[in-house]
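My questions all concern the structure below.
Chain nomenclature is as follows: A, B, C and D, assigned in order of appearance, with residue numbering initiated at 1 for each chain independently.
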């Protein structure tokens, strides 16, 4: 039941806002719907914690610790982002960058996007999962091009083409999977249910599944933003409105990675961990290293943090690729802290860009002077994302690195070089933006920076103390996928 | 031995050294005069000079700080301390262990630092010039000195002069090549540290060359006297240290009165010879240009280090 | 004690107290009293901490596990002799600095004060946590927090570009070091057990892996300690920070790096190899000489002090290195001596370097000057500060009877143990480091003659102009003086009663090496400092001081008694020059000139000499650090190059992007088949 | 009609599909491209119907109807409208010349066959041999998207890829479950709409649909 509420709220929200999205109180309604989703998700989580995994709707939907934790995270970040987008969008309108019509589109699509992501997470049917993922692409592509500037159109076009093509591969992979499953489960809907597949995963045909995994990895990996499939990501992040960048980085990438991991579990059952693990680790390392070196040459602030997202996705992919309870735990933790931190950073970045009227990092200076909250938010967020203790990202990186050191020690030099380079690049730029003589103007609407500091606070706490129930939760999830 | 005689010896020796030191100066001057065919002054001339200086009124610059007036006493005090510690006539003095060779060198550099500070205190260009040059000499001379001492220390397995003298004096005679190097180095250091030709010339006030004199240019009367006296003691002590390392024979034990006489006799002989040697050097060498001095001293430093190395190499 | 784990919980309480004080600062206090109270509380914490750790030094090791941290790796804490010693250092020195800060920071406007207070006390707390940590995770967290808070303090005046870049370099190098340390932990861990220090201690590793772990730890902590060639951040960051913070960083933070080194190498890795010792010795020697030679070239007081920190870290490394060599060859007593010398110098440097930085701070407060060439004659305007600074200068110049001398003396004594070594080469190499140390000591003396002579002595070089009216120009303020007086007293105590300290340190040595000093050394009594045996070497600062004082007084009295104390005051003698201006005095640069001449090749020097007949002759010299050019710039360029190449991937055509994924797909398919 | 016959029929249709793919790859004119796409849809529908008939998989009829409505009538019609309104009825330039593209295409076909033979051995459907062709047409469509320089052909390439996928679904597994089919169809529909909107926006922004205008966002 909770499942349908969780899915229903944003869906109705998108319809409602499709009609009323242009009203001046639409942002509040938007936040309201997101809040409803969050509450529903909270209930869902509570039920899973109390009763354990369960499924609904004729097996079509199901929840286990793995996806429910992502559901909560998604709902939470979606909610805080909607809070942030209230003043942000008003300021954009005030600057005349978007019209009421576009706001209508924006709000409706925002809810739709939330819906698709939640659907991706909650569905038990890998076919529906594909459909929902494609839906997520479709619902964001118009958000990316919201400003209708040539650059934003170009970004959206690339996003659209690359992701659709990628997902086409994923579909082919899904078909192969179905093809393999059908021979065990017989034709019909069951052969696409993840739970069913999971139960018979050891009997599935290895050759087919390894082939299928390649297509699935390339397909969903495109949305995860793994190098070399990542090229849509910086553009889309840089050109879309900042709330969209926040949810893209904070949520969509996670959800796509969730899909990959789900399939990895099946493939491991059939083929053994060797193949999928190695593929993911390779993709992970390559992404981390390449993204790190990209960082130092960026001039656009949102682009830079987009690359940082690629880097962190690489780390998570690597962690899941390594497998094992600790690594999986670290991967999940890193998913959490990364999406919290990165969305927080994008919140501050958005306001910083508005305050200085540019996304060019050479023109953004002295944020702490004009608006300390934005400045310190950005500084702390960046330090957190760079893996500075006592922030939570360090925790997960600590686990990943230490695990890697004695399981795949060849990987550690790459990771460390990448981390060093990334630190020099991001920190060197952020410091200049935060400190010095200011170039920032006063904002017409008071920014809502509560979300920023809530996120950072959570990340800080996670760095020092992981509550036992959360830890158990992660452990169960890790046990599922490790 | 009982402590009282020890302390008595201690005090006696220090007073003895303090009183005798200017005499050595006088002796060196006489020798030099002889070698240069001048009619020699009285050997007591240094004493007369000191007495004259003490009687005068001290003239002090208006902008002098307390440090300026304190320094002469500190210099004198440091030298007196050293005089009390080095084994002049006897070994095994009760307070001798209070400072080993490293500490001795440190005392010298303490004195040097204070004199340099005092020189800078007035703020005349001469003071600065002198201080700078003095420290330049010092930072090379001090390590060289340490290294020579270390050579001896390695041979006798100790850094306390007592033990060094003891072990060197009562050993069967053997040639230590390391000691040879050390000896040469020590001689060079001695010349430099005491402001003798060829490094410095105590007899001139020529701003191009003077080092020590430039530092004490502002001093007069009793302050100057104390400084000059401290200089004399310093030369004396250096010679004693040299004897202790290279010609330690004849030194006596605490409480051994007969040995004391013998020790006194040998000391006089050593000192007079040393004075002649010093005079000879000062006559036969010309004063270096200032920037030869670092090379001179770094040679000393290298020699000392070489000495130390040869000790190890010859030992293995 | 009446509470189990009394001292440990107590220290923890102090840490929490510091955190609380830091947070209290966020109230943005307006009233001076409140501001002063906060730092007074900080100082109190320091005293309490030093008292507790003093108890802990003699007590057994205590440990504690907090329900924080990773789910399967909660925070472990342990207070053994080593941590206790460093905590003692932290508590004592920080107390002095905090007292000083009571006056120093009470003038700040509320917002800035809040910022300073917060990070200052968090900085202290994190350092204490570093010393208490007993598992890799807590250690890393505290370590990086330390770096972070100090970074914020360094970039306090972030509107100045050089300060920003200084902060950047500082945090970057600190972070790289931290990564190396983390890696070293990982290597030590060896694949089983968890990351508590106990587990790391017990993990067996092959010689190769221990060496790797050693090198990583040495690099990582060396980066923090400022050893060559990772020192470059130090002369940039220390001057940038407010003086008490510079004092904290130079006096204490660098020492936490030494602590880490000792903890990892002597304790966790355990069996020390003499080859490692030689590495440490080599780097230590270079660091020592480099530090002092560059210090001699500085005219910015705080930069100069920072370079001296580099030098002193080198000296500490010498002690450690020798200790490792002796241990490696199986001479625990000599090894203990080296370790003790190093630890002693750590403590001493903490005290006198903080004292000197505080002095520099007072000068800055009073005159607003940092450039030595603008100072002069300060002894007249701020006599008390002048006295404290003099003591500090004598101490750092390793002159008896102050503390600096004792530790250098011990280091020399360690070097003099060389003959017992079996290996002929090593045996002759070790004393060479002693030679370097001697040279460095003499150069330090020269450098501080320069500093003191130029800054405090002589006459004021520039008349005070109106821009300086914001500065009171008088002597240091009340609490500033108390703080400095406290540290001065520490200099004397540490210098005069070394044998007591020796006993304390011996416990640490026993803890780490299982063996302490020779028994003869330990029962020499409070008056005599005897490292090995009375016949070999001994030193008694008390007698030393007494004799000098007595003799000086005696001379004074005698002179007065037999002669007179008459004084005529007149103008200084100008050597016949018509008039003397204060510009005729030696500047700092002039004083360093002979060194520039002698050690020319060491420096990267760009000099402009006036040509004869120039209308307005001007002389300028610029000394740069060679490391920028042979090490750091190439690395930066390499990174730039690689990222430029990588940047080509992202070249804008959707077709090419499609091609990437196409090729990736095909490649993977081939791979799978 | 018996299984073997319908199997041969499906194989024939598959061959047609591949042929059309190559034709599209070599096609220089947009209009013909769209026509070919419609034909491909028709072939796809035909094969679906054949499979449905011969195997009695009821839901495949729905999917066939969907295909006809969408791929044969609706989408081609939309595309026609678009290129008329935007009058972009120019010749299609390719990045690399046609013969080279063809060669690569042939290579791809061989690769696809090599890849799928071991799998199709284990399939029990009457249409197993066509899995290779399905993969081949997917890859060929991919290739087409890579080499085309205009927006419209790229989109057509994408839709062709969709066809390939559907064909794979029908041939290898008698079609996905209906709900999935519907979902996919819905996505394709929405996708086409969005493409349509895009064409207008691009047109406003760059007054052409030549995608080499869209190479501004890159690493400078």
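The definition used in the following text is that a contact is a pair of C-beta atoms (placed from the backbone, for glycine too) under 8 Å apart; a residue touches a chain by one contact, two chains touch by 3 or more.
Here the structure is a predicted model, which is why all the values come from computation and not from measurement.
A.B. asks: Starting at subunit A, how many touching-chain steps does it take at least to reach subunit B?
C.D. replies: Contact-graph shortest path, subunit A to subunit B, evaluates to 2.
A.B. asks: Where centres are the averaged C-alpha coordinates, which chain has the largest centre distance to subunit A?
C.D. replies: Between subunit A and the rest, the longest centre separation is with B.
A.B. asks: What whole-number Å value describes the gap between the mean CA coordinates of subunit A and subunit C?
C.D. replies: Chain centroid spacing, subunit A to subunit C, equals 44 Å.
A.B. asks: So how far apart, in whole Å, are subunit A and subunit D when each is placed at the average of its C-alpha atoms?
C.D. replies: So the centroids are 31 Å from each other.
A.B. asks: From the mean C-alpha coordinate of subunit B to that of subunit D, what's the distance rounded to whole Å?
C.D. replies: About 102 Å, centre to centre.
A.B. asks: Between subunit C and subunit D, tell me the centre distance in angstrom, where each centre is the average of that chain's C-alpha atoms.
C.D. replies: Computed value for the inter-centroid distance: 71 Å.
A.B. asks: At which residue positions does subunit B touch at least two other chains?
C.D. replies: In subunit B, no residue touches at least two other chains, as defined above.
A.B. asks: Listing for subunit D: what residues touch at least two other chains?
C.D. replies: If we look for residues of subunit D contacting two or more partner chains, we find 115, 142, 145, 154, 211, 214-217, 219.
A.B. asks: Note the residues in subunit A that touch 2 or more other chains, in rising order.
C.D. replies: Within subunit A, residues 157-158, 161, 165, 211, 234, 294, 297 contact more than one other chain.
A.B. asks: Going by the touch definition at the top, which pairs of chains touch each other?
C.D. replies: Listed by label, chains in contact pair as A-C, A-D, B-C, C-D.
A.B. asks: Can you check the complex and tell me which residues of subunit A touch subunit D?
C.D. replies: Those in contact with subunit D are residues 125, 127-128, 130-131, 134-135, 138, 141-142, 145, 148-151, 153-158, 160-161, 164-165, 168, 171-172, 175-176, 178-179, 182-183, 187-189, 192, 205, 207-208, 211, 234-235, 238-239, 294, 297, 299.
A.B. asks: Help me check something: in the complex, which residues belonging to subunit C touch subunit A?
C.D. replies: Residues 67-71, 137, 140-145, 148, 155, 158-159, 161, 164, 167-168, 171-172, 175-176, 179, 182-183, 185-187, 189-191, 195, 639-640, 642-644, 646-647, 649-650, 654, 657-658, 660-661, 664-665, 668-669, 671-672.
A.B. asks: Touching residues of subunit A toward subunit C in the complex: what are they?
C.D. replies: Checking each residue of subunit A against subunit C gives 157-158, 161-162, 165-166, 169, 210-211, 214-215, 217-218, 222, 227-229, 231-232, 234, 275, 279, 290, 293-297, 366, 368, 383, 386, 388-390, 394-395, 398-399, 401-402, 405-406, 412, 416, 419-421, 423-424, 427-428, 431-432, 435-437, 463-466, 468, 471, 475.
A.B. asks: Using the touch rule from the top, collect the residues of subunit B that touch subunit C in their complex.
C.D. replies: Of all residues in subunit B, those touching subunit C are 54-55, 57-63, 65, 67, 73-74, 76-78, 80-81, 84, 95, 97-100, 102-103, 106-107, 109-110, 112-113, 116-117, 119-126, 128-129, 131-133, 135-136, 138-140, 142-143, 146-147, 150, 153-154, 157-160, 163, 207, 217-218, 222, 226, 291, 294, 301, 305, 308-309, 312-313, 315-316.
A.B. asks: Can you name the residues of subunit C that touch subunit B in the complex?
C.D. replies: Within the complex, subunit C contacts subunit B at residues 376-377, 379-380, 390, 394, 397-400, 405, 409, 412-413, 416, 418-419, 424, 427-428, 431-432, 434-435, 438-439, 441-443, 445-446, 448-450, 452-454, 457-459, 528, 534-540, 543-544, 547-549, 551-552, 555-556, 559, 562-564, 566-575, 580, 582, 584-586, 590-591, 593-595, 597-598.
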